[in-house]
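Let me give you the structure first, and then I'll get to my questions.
The chains carry the letters A, B, C, D, E and F, assigned in the order they are written, with residues numbered from 1 in each.
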Amino acid sequence: MPFVNIKITREGATTEQKEALIAGVTQLLVDTMGKNPATTVVIIEEVETDNWGIGGKSVTELRKKK
Amino acid sequence: MPFVNIKITREGATTEQKEALIAGVTQLLVDTMGKNPATTVVIIEEVETDNWGIGGKSVTELRKKK
Amino acid sequence: MPFVNIKITREGATTEQKEALIAGVTQLLVDTMGKNPATTVVIIEEVETDNWGIGGKSVTELRKKK
Amino acid sequence: MPFVNIKITREGATTEQKEALIAGVTQLLVDTMGKNPATTVVIIEEVETDNWGIGGKSVTELRKKK
Amino acid sequence: MPFVNIKITREGATTEQKEALIAGVTQLLVDTMGKNPATTVVIIEEVETDNWGIGGKSVTELRKKK
Amino acid sequence: MPFVNIKITREGATTEQKEALIAGVTQLLVDTMGKNPATTVVIIEEVETDNWGIGGKSVTELRKKK
């Protein structure tokens, strides 16, 4: 019955990557915690780089510097 | 002063449905908990079916199988 | 398949109140949105009044003023 | 290492406003709590006014009344 | 830079299980998405069974029935 | 009407620190975004160091190494 919320920056994750992530997290909760996969929910939220900050700067700013 | 976050899959919820949900949840918190409706906040988040997984599969995959 | 997160201040909500809230929110999602109740998850989080602020003051401070 | 999630209605916040908010919250956690800014994450979520309710009404409805 | 929030019922997860979950989710984000593990944050929240509902019933009620 | 959720590790934040953080974040949303402080909600969540991971390790493990 776990609920997993994964926030990542919106930078082109593919449908295949999301499917692999959903399958992998669900299996991991079975393997490490013995949770029931049937009722395990995983939600992926993709956040614009303007709206994600780390170290006081937005990711948009940080990407420009590189 | 409650804060309610409702996540649903993005599959065509109408403005009228959202209004009914907001009004209903707010009234429910008055009726069951005696909360003040004036400061009750309800946020609805609609999540793409690619980004919502249950049982290790995305909802997009599950919808295809049906 | 909705996921509902309800945050309230920790001020003595009873088990009966929580049960009524869980049952009521689940039914409301059936009635307003046609959602499947079997996979509807409701999580109630109780937050200390020191840790909840509104209008720039903690609820602990606001309660004292009354 | 704090994690800050800020939800606002989607009503035209500019990139500059978001940068100022990210910088300001990060500095505030240094000043008030002694937190390490390098690992402080701030995420801003902009929510449609149809999807945000207060006092049992959506913000879309409330804006119309004014 | 992903942020992962895992909610589970509070039913005796051990420190070792939590460590395995944190390590596993972080590695999974490297493997499936190419994310940087150094800035990947994982937070586990344990929720009382009275406060977690599924199918309109609290987990406390559901456990009693079994 | 913003809603702010701040997650920090549970490592002894004082009531005074929390009050300063609530007041500061609320004022910051006025200054940077022109938000109404009266309806700005700030919730602080304190998370056990066993339950917070970064770089694939729990904060409990990381603190021991120092």
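Just so it is clear, a contact is a pair of C-beta atoms (placed from the backbone, for glycine too) under 8 Å apart; a residue touches a chain by one contact, two chains touch by 3 or more.
None of these values were measured; they are calculated from a predicted model.
Traced through touching neighbours, the fewest hops from subunit C to subunit E number 1. The set of chains touching subunit B and also touching subunit C is given as A, F. Chain centres were defined as the mean of their Cα atoms; on that basis the chain farthest from subunit F turns out to be B. A repeat of the C-E interface exists among B-C, C-F or D-E. It is C-F, with more than half of its contact pairs matching by residue number. A centroid comparison over C-alpha atoms places C as the chain most distant from subunit A.
Between subunit C and subunit F, two chains of identical sequence, the interface residue sets overlap only in part, with shared numbers making up under half of the total.
Superposing the C-alpha atoms of subunit A onto those of subunit E requires a rotation of 180 degrees, given to the nearest 5. Our note on geometry: subunit B versus subunit D, Cα centroid distance of 20 Å, whole angstroms. Averaging Cα coordinates per chain places subunit D and subunit F 13 Å apart. Within subunit C, contacts with two or more other chains are made by residues 1, 3, 7, 25, 39, 41, 43, 52, 54. Taken together, the touching pairs give a contact graph of some other shape, not a line, ring, star or complete one.
Pairs of chains in mutual contact: A-B, A-C, A-D, A-E, B-C, B-D, B-F, C-E, C-F, D-E, D-F, E-F. Across the complex, subunit C is touched by residues 7, 47, 50-58, 60-61 of subunit E. Looking at the complex, you find that subunit D touches subunit E at residues 1, 3, 39, 41, 43.
Taken in their complex, subunit F has these residues touching subunit D: 1-9, 13, 17, 20-21, 24-25, 28-29, 31-33, 35, 39, 52, 54, 59. Against subunit A, the residues of subunit D that register as touching in their complex are 15, 18-19, 22-23, 25-27, 37-46.
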